[in-house]
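Encoded as structure tokens, the structure appears first; notes follow it.
Letters A, B and C mark the chains in the order given here, with residues in each chain numbered from 1 onward.
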């Protein structure tokens, strides 16, 4: 565990958080801190969920270009949301919060295991898998649009789900569920960090060392799916942010050990997201478009990684 | 494939399109047909034919089976042009907006083709992958500008392909797509040779540059006209040429009529389904195509076709 | 007759051809031989105007090919590269048919069809003519490409390692066909790595090494032990079996 890297990451996060909480604050400090504190928590939880799920997913699939969102995990979750609403009656009162989240997440874990277990079988042709994943995401999003339209055909102005997340409308009760979930899952993954390191070696070396790669991979799909479900439920789909964080962490961590990668990724991701939000909200005054920019940058990073790999 | 049943099926489809709709065909029937149903049917067929042909041209030029204008940024760039025009010159005429959309589409596609040339030919999946991300980035930029100018909802409506707004006087630009299809047929041999590569083109005395430029223009024109008139119709340009290729090969001069017909039929069928499945409400054809097309695309990516894609490279 | 005058080609800072002057006479088969990386394919590409040299020129019957209009060049010169991959899904007959394009870009005439069928028959592809290329083996695809080159029917014919993937029978068949075409007055240039075939079929040989011409002349004079040994940095023996030369490394 590289303590120096972790300390630097922690410092980065704390500075970002402090800026977020204090920059441009006017008026009642108590209120402001409480209000911003909640937003800070939301941003942190989402960033940690995305960063950790991406890093683990990349370890399991043995490449740094895939992310769960590229494979359409988030679209799957949104679709399941729509389907449960459709099945249980549109706009059923009280259908929100913990029960909804629990049901949807359970369904998602099952569906994800099925869908992506199938896809990841032939891990040779990486680009084909990625392409399939992206198109699968498109399919799921289109299905979602279809389902929504079927339910609300008279809603002429129905906006198809956008690919930017909304941080200003995070449901508070969801946040209080999400935080412990993300904390627990991340802790659990950290405990199993050594096993992750072995998995990162690849299928055969892992087998030699006594780790059944395939079973471990499918098993790890559960926490990954859970984290994706949480972040999507909280703020909506995020596609390239995880890739960006993962690329940065692998670059600066100077080690491949997950005991460092995971916490560093969590801290750097959270710090980055908070910093960008601060920048956009306070300095540039361009509110909810943080993620547009991050996603675009992440998209460019994605392309760069693809090209670099192709040239190799 | 026997021609008779196919033609009969197509005719039935057209009939269904003319008869299906929220309004009833009674005394006003001729008027309704002339103003709404017939233009809508024609629009669907023209757009479908144009997009299928644009798709196959792009595939020949990019030398890759899994690209088409709506998934590699051409369509998205046309949308971007629309947004920019709406922001800068809100009251401008439709033809002017179309020209601007065309220019954006042309520029974006030219850049994409330049990108594709730098990609290693060993990996056929890299090209559509790059295209999807590239298109996504363009879409994000358009969304950003739209958001900043309170146009996000409009952008969504414009970009989601649907024919419900089509009527006499509002779709005529799509005939340009039809014209582009005819042009493509005239140039079919040239595109096939271009599909064999730059060296083969040169060896046979063809100006690769000219063919590429013509192809780009046709592709961008069809895409811009379609996006501005009826919105994005995804996957048509991908699914129809791939299936046609499996059935009858890539000799464009021979296969182009079938391609155009296939594209027309696909879009028309999806529109009819969209109108029928939740009658009297309509599901936009773009949504139906998104589901149907994505399924077929995924099917194409698995199995033998993808393997062939690798082998033929 | 094709003449190369002082050709120099660099790519990525590396000199591939240096001051290469050579000629390929009409009515003969000229073989380009040399070790890997000697620049044979590059030279062929320059001759076919698929590559522009940094310096020097190539003349076709006295005319500088750089100045010839595209169509014109295609009617006088055919180039078949080694690395040709055909992506569009075409039948063998369709592919060969495209060889007629420079002469007739419109619908094929009866004469075009006759030529195409003759070339298909020459390459023993008549039975496979309606099959799609991607269902054929590498050797069959290669023969289809050669049929296309033959259908283009030009006075000059440049082929880069055309015998790749071909078995004994077909290789000999192709070389015999090329020899017939050469006798009829065409200039045929072939890049070959099999020296025995070169010795048997080539009239004129250009030997390249490290981007320069090491030897040029009649086949019997160039394809000798000492010259080849110097060319390939190995000991090479030239035997004669049944009156035909056989070249073997030691």
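Keep this in mind: a contact is a pair of C-beta atoms (placed from the backbone, for glycine too) under 8 Å apart; a residue touches a chain by one contact, two chains touch by 3 or more.
These figures come from a predicted structure and were not determined experimentally.
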Subject >> Both-way neighbours, i.e. chains that touch subunit C and touch subunit A >> reply: B
**OP:** Find the chain most remote from subunit A, comparing centres computed as mean CA coordinates.
**Re:** C
Original post:
At what distance in angstrom does the C-alpha mean of subunit C lie from that of subunit A?
Top reply: 57
Subject >> Chain centre separation in whole Å, for subunit B relative to subunit A (CA means) >> reply: 33
Original post:
Whole-Å distance, subunit B centre to subunit C centre, using C-alpha means?
Top reply: 42
**OP:** Two or more other chains in contact with one residue: find those residues in subunit A.
**Re:** none
**OP:** Within their complex, state which residues of subunit C touch subunit B.
**Re:** 48-50, 70-75, 78-81, 84-91, 94, 98-99, 101-102, 105, 132-134, 152
Subject >> subunit B - residues contacting subunit A, complex >> reply: 66, 118-120, 123, 125-126, 128-130, 132-134, 136-137, 140-141, 143-144, 147-148, 152-153, 156-157, 160, 234, 277-278, 281-284, 287-288, 290-291, 294-295, 297-298, 301-302, 306
**OP:** Mind listing the subunit B positions that touch subunit C in their complex?
**Re:** 60, 63-65, 121, 189-190, 192-193, 195-197, 199-200, 202-207, 245-246, 249-252, 308, 311-313
Subject >> Residue ranges of subunit A in contact with subunit B within the complex >> reply: 125, 127-128, 130-132, 134-136, 138-139, 141-143, 145-146, 149-150, 153-154, 157, 159-160, 162-164, 286, 288-289, 292-293, 295-296, 299-300, 302-303, 306-307, 310-311
